[in-house]
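Naming follows writing order (A, B, C, D, E and F), and every chain is counted from residue 1.
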Amino acid sequence: MKLITAVVKPFKLDDVREALSDIGIAGITVTEVKGFGRQKGHTELYRGAEYVVDFLPKAKIEAAVSDELLEQALEVITTAANTGKIGDGKIFVTNLEQVIRIRTGETGNEAI
Amino acid sequence: MKLITAVVKPFKLDDVREALSDIGIAGITVTEVKGFGRQKGHTELYRGAEYVVDFLPKAKIEAAVSDELLEQALEVITTAANTGKIGDGKIFVTNLEQVIRIRTGETGNEAI
Amino acid sequence: MKLITAVVKPFKLDDVREALSDIGIAGITVTEVKGFGRQKGHTELYRGAEYVVDFLPKAKIEAAVSDELLEQALEVITTAANTGKIGDGKIFVTNLEQVIRIRTGETGNEAI
Amino acid sequence: MEQLTELSYALDTFYFLICGAFVMWMAAGFAMLEAGLVRAKNTTEILTKNVALYSIACVMYMLCGYNMMYPAEAVNSIWPGISFLLGEDNTTVDVLASKGETYYSTMADFFFQVVFVATAMSIVSGAVAERMKLWAFLSFSVVMTGFIYPIQGYWKWGGGFLDQLGFSDFAGSGVVHLCGATAALAGVLLLGARKGKYGANGSIHPIPGCNMPLATLGMFILWLGWFGFNGGSELKISNVEEANAVALIFVNTNAAAAAGVISALVTAHILFGKADLSMALNGALAGLVAITAEPLTPTPLLASIIGAIAGIIVVFSVIGFDKLKIDDPVGAISVHGVVGIWGLLAVCFSNPDATLVAQLTGIASIFIFVFSASFLTWKVIQSIIGIRVTEEEEYQGVDYSECGMEAYPEFTNSGK
Amino acid sequence: MEQLTELSYALDTFYFLICGAFVMWMAAGFAMLEAGLVRAKNTTEILTKNVALYSIACVMYMLCGYNMMYPAEAVNSIWPGISFLLGEDNTTVDVLASKGETYYSTMADFFFQVVFVATAMSIVSGAVAERMKLWAFLSFSVVMTGFIYPIQGYWKWGGGFLDQLGFSDFAGSGVVHLCGATAALAGVLLLGARKGKYGANGSIHPIPGCNMPLATLGMFILWLGWFGFNGGSELKISNVEEANAVALIFVNTNAAAAAGVISALVTAHILFGKADLSMALNGALAGLVAITAEPLTPTPLLASIIGAIAGIIVVFSVIGFDKLKIDDPVGAISVHGVVGIWGLLAVCFSNPDATLVAQLTGIASIFIFVFSASFLTWKVIQSIIGIRVTEEEEYQGVDYSECGMEAYPEFTNSGK
Amino acid sequence: MEQLTELSYALDTFYFLICGAFVMWMAAGFAMLEAGLVRAKNTTEILTKNVALYSIACVMYMLCGYNMMYPAEAVNSIWPGISFLLGEDNTTVDVLASKGETYYSTMADFFFQVVFVATAMSIVSGAVAERMKLWAFLSFSVVMTGFIYPIQGYWKWGGGFLDQLGFSDFAGSGVVHLCGATAALAGVLLLGARKGKYGANGSIHPIPGCNMPLATLGMFILWLGWFGFNGGSELKISNVEEANAVALIFVNTNAAAAAGVISALVTAHILFGKADLSMALNGALAGLVAITAEPLTPTPLLASIIGAIAGIIVVFSVIGFDKLKIDDPVGAISVHGVVGIWGLLAVCFSNPDATLVAQLTGIASIFIFVFSASFLTWKVIQSIIGIRVTEEEEYQGVDYSECGMEAYPEFTNSGK
């Protein structure tokens, strides 16, 4: 099993979620994060002095998937989150040694 | 060393924390996240139109543990977070290659 | 490739970010988290009764780095985030199996 | 001469209306105070309660409350009898013929009175916050504003037995504040504490309010409104003595509140080592409630002392109720009830016409009647539709279960 | 005797000024209401609009608006002519010579009138919120407060053709509220809905306001201010009849608002099963708008009924506009426009001087003129500087693009 | 005739009280403005300061301040002497005998004056926000409201040497606003800037306020309160001329504020390319402060111009103080001090009795005295209990260290 972590533009969150759901991945966990990357934040003003808001709000999506679904999942995320503009975000994949569903105690692929 | 990531109902957070602390895991990091899964969100109203708040607030707990403590930790989390109702959440385990305590520079099991 | 996850004191965030940037790691993702560890929270008052705010606000920094940069990155984070006081935080390293840049579809080290 | 009488009538009416408008503004004050002192997930509901209770008070008091409180012909000195809707206002001829007896518009009087009822009812909403069903609360407010409040109001201000007995309550420490607090107490006892407020071994878990600037704004609004509340209760301003009286009331009202802030802040600092803003706010309101029973006869210095003592009382009272596990999220029972009693007793310091016996009789009568009537009403409502939301609804927040709407959708994780 | 006339003049002037101050306070009410009902990312901008439009209204009305609305010598009953700046106030000699005809200060009148203009303009800002360019809006407000409002105001209150026709609009359900709502409608039609508000297949996506306590505070401020709005429109208080009239207006204004809250809340509960606070707030304002056309002749009971019907109308109107995909974030067109019309028609129930024909003529004249003039103005502005922000700016929030400043930098993730 | 005198006395007293109530409301305005412009972690403390300082002002001014400012018998034209507590109010006999000399209640006068003191003190709290110790601030406010303010107040309004010199300050651009700003400046110089505000190489790091709607509300409250502030300073309304005067003051006060908004907004837009709301708010207050020195003699057009210039001045002044590394989180020194001076000088444009020399002497006297006295007081407090919180407390927020309580516990990560 793999854990996919995708950092995307917040307004693409719904698209990614739907795309994942279409291929059978209904469970995901989302966190509001601040991204720093090539895309730069903007400057704001306050009482005549400028200051840089140098982070950009991003949505971090975590989804545990079975090994079989991995490739497909990466593909649909890449497609759904793409705008072609800088700041579209990144996907990270790590290995998952175990997954447990708390309610039932199921483990492994059943638990995803 | 392993990294345990548990997504649980927010009001179970204290129980899980105490349970972990009882078996000697005092350090954890908690994030407020939005969960999407089988459990569905609710609908809210605003000026006569309904809309779905489709995520559910969850608490994500991250705890680095030594290999020995892993099984016990998983057990107490599962027990403490269980309500038997849908939406109880999931536990993910990944391998930790290294841990460093910033203050002292200690690494490995000592750093946990 | 490795994923570095550092939990640090919020007011050290800027220092860490600059230190990473200096060694060529410009992309990071930051999350506001609540830390529980040896360092204890404080008590607050409300209408004559005390209560403990037992967590401490921390910043979680995630940075994907190439294997070569790992050691250097760990070093500069440890140095930049260090205050020598309890609660300085921890660094976790996990293995990254894959990285994808959504905009271009690049993968691996190019995508970092 | 006639024109002078008319002008005098106009000034008194105008003064009454402005004071009434200030008191109406207190409705906003209670709404903000309470919205600031509850958690985010219960904010929409407490706002809805406050907006609705004010409206219900206005309707019920017009329908029958006003007539019960100020009956044309009372049945006896305890039961005023019932009649409906407002009558005609004074004609110019009547006013001129009255030789100064009729010196303000009846409608202005109604307006001033109706905002008082709303105040009494507002006190209740804070105490039962975060756990009571919305419609149970609104049902209670129909009974309270249409019947319970007017009946005991009649006893004093409508010329009933308390008035005849010499009970002294200038602007309503008893009739308004103690009355409201007593109804609240009855509700709170039936309702029980919020979940998680009291731990197993006597421990108390504070539940901090989510928005202190809002609570502070509410306090300031109430302070401002109180000038109308007390100042208008003089009922007349159109000659030198009356004008001086109103001015003194303004000064004393302000002095008592100011002293209440300082004493509550200092007391809290001595007890807890920190400057507890929530206690300072309660201190201001305590000073205001205390001086309400008699804002005219004390000197400004005595008014300050009365307010200062009120500020100390309220701190200990809030702590005391928590020890008794009587859960009052905003401290309404302490501020309006306990301090209301203090205010009624303090009348004896400066008003030679007041007697301790009469004051105690008044306090007891109001408390016993309002408590019994309210308890009964709450009980009836409880048996029909229930008064408390379910545990799950309470955990999720009554905003969702009662109003289906969040107060701050972007600032918190919804449904927490 | 002369001293009496002077005193009377002083009282009427003072009453006027206080009522004016209450209406000025409504500017804060609109600002809070609108800031509470938009999203966090558009809050700074709506606040800026509200502060600026009030200021522009004050300047423009002083420069030429007041003179157009109350011309010394009108050109004809439709076009008042133009002249600039305010004249001198009444001299003591003139006042005494006028035998009671001149009974208040012209400056007080100006002050009272100028806050009305601002009210009309405030209505617009809510309806076009979250997507209109700031400077386009401010440009419109120059034309609106300097010309459009004064011209139609002249028709009724300045003695123009609507007044001669017997059109009845006591405090401005038409002249102020319908006028503002009509200008808003023209703007909204040109502007289009907020992105994401209406889905493909007729679906409606609510965009909840970010701060309900603020919206509630705004409503309470407006309610309070309305006592000045309607109460001051009697223009005189200095004898028994006038004082009674003002008192009745206070009572009726309050009653209509209270009834509006209750009926809107109950209607919403029946329709949606929940107590929708945003509808309760709209209900209060609807009651207030409805009674504004005639707050003097109804009994308090009739005033309550008029307000209650307004509360029902507003709920259906809000839903209806959404069905028509006319996107009005705060419900301003429903509250001030649709209910304004209801109020103007309801005059016929109690005021024997009002005729349905005159009322309909008035409604039609105001609507057609204001709509055309506003549409034209919006169009001109659109062709010169554009009226809508870009899609990206809208997504990011107009706070950043227009003001460069966040309203709540610590409570939300900026730039969302 | 006697009745007429009494009625006239009643009207003037009532007018005074209402104006006083409006000014009291300004305390809420300052509290909201400042709470909106600081960071979330310092909000409870600034609220506590505002509530407490108002209360302390009320107590101190009653104890000795009022008597010092308006001494029965002054020692000389610089030092008024000391005496305690308020005296009796005027009797009817005295009033009637005075032939119109005594035309309002002394208590009403006290009430009006006491809210002025609080205003002066409120100015200080904003400037020293986010880093000063609570109890150090409160200690200063005892000295300021009991002694410093009354002494210089005596010089002008109590009939001291500035009055004799012909210094002209109608409602307190100098006595209230410059005085408050000067005390603030002395405090800020001793206190130093907030940590992180000024970078190494002359860089300035803005620290945005956490709640702009609150700041905007505060500004509106102040604007409303200012009608009482300036309007009440006429002291009399009961004849045609006085009524006209009060009306003109209302109009001019409003005009200056409106013009201040527009000019500040435009200036900011020209300088920064964005419509800076915080500058618009400061612009309104600048307009108000500027017109306060003389709201009666200018025409509304001139009042607008004076306000407009004030709006421009304030923008540059705010930027200028930042360049000088004088850290004033809310811009109080610019708004009340720099613009206060502008207002005092602008008196010469319209008031033929004012001379530039007298105005400059007044400005210098107030500035030098208040600065020295304040600096000394701050120094003494500093040496006894310290005036600045520790670096760690500042980082964590003074809410925790001084009040032990968060303002928005659910909206931010605590202790940040």
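In this section, a residue touches a chain if its C-beta (ideal position, glycine included) is under 8 Å from a C-beta of that chain, and two chains touch if they have at least 3 such contacts.
If you're wondering where the values come from, they're calculated on a predicted model, not measured in any experiment.
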{"item": "Mutual neighbours - chains that touch chain A and chain D alike", "value": "B, C, E, F"}
{"item": "Minimal step count in the chain contact network, chain A to chain E", "value": "1"}
{"item": "Interface copy of A-E among B-E, C-D or C-F, judged by whether over half of the contact pairs recur", "value": "C-F"}
{"item": "Which of B-E and C-F has more C-beta contact pairs", "value": "B-E"}
{"item": "Length of the line joining the C-alpha centres of chain E and chain F, rounded to whole Å", "value": "32"}
{"item": "Interchain centroid distance [CA atoms averaged], chain B/chain C, Å", "value": "18"}
{"item": "Multi-partner residues of chain B (each touching 2 or more other chains)", "value": "31-32, 34, 44-46, 94-95"}
{"item": "Residues of chain E whose C-beta touches two or more other chains", "value": "4, 7, 11, 18, 208, 211, 217, 272, 274, 276, 278, 403-406, 408, 411"}
{"item": "Pairs of chains, among all present, that meet the touch criterion", "value": "A-B, A-C, A-E, A-F, B-C, B-D, B-E, C-D, C-F, D-E, D-F, E-F"}
{"item": "Residues of chain C that touch chain F when the two form their complex", "value": "10-11, 32, 34, 41-46, 53, 56-57"}
{"item": "List of chain A residues in touch with chain C within their complex", "value": "2, 6-8, 31-38, 55, 58, 60, 74, 77-78, 81-95"}
{"item": "Chain E-facing residues of chain D, complex", "value": "3-4, 6-7, 9-11, 13-14, 16-18, 20-21, 24-25, 27-28, 31-32, 35-36, 43-45, 47-48, 50-52, 54-59, 62, 85-86, 89-92, 95-96, 104-108, 110-111, 114, 134-135, 211, 214, 217, 402-411"}
{"item": "Sites on chain B touched by chain E in the complex", "value": "44-51"}
{"item": "Chain E residues within the chain B interface of the complex", "value": "204-209, 268, 271-272, 274, 276, 278-279, 315, 318-319, 322, 331"}
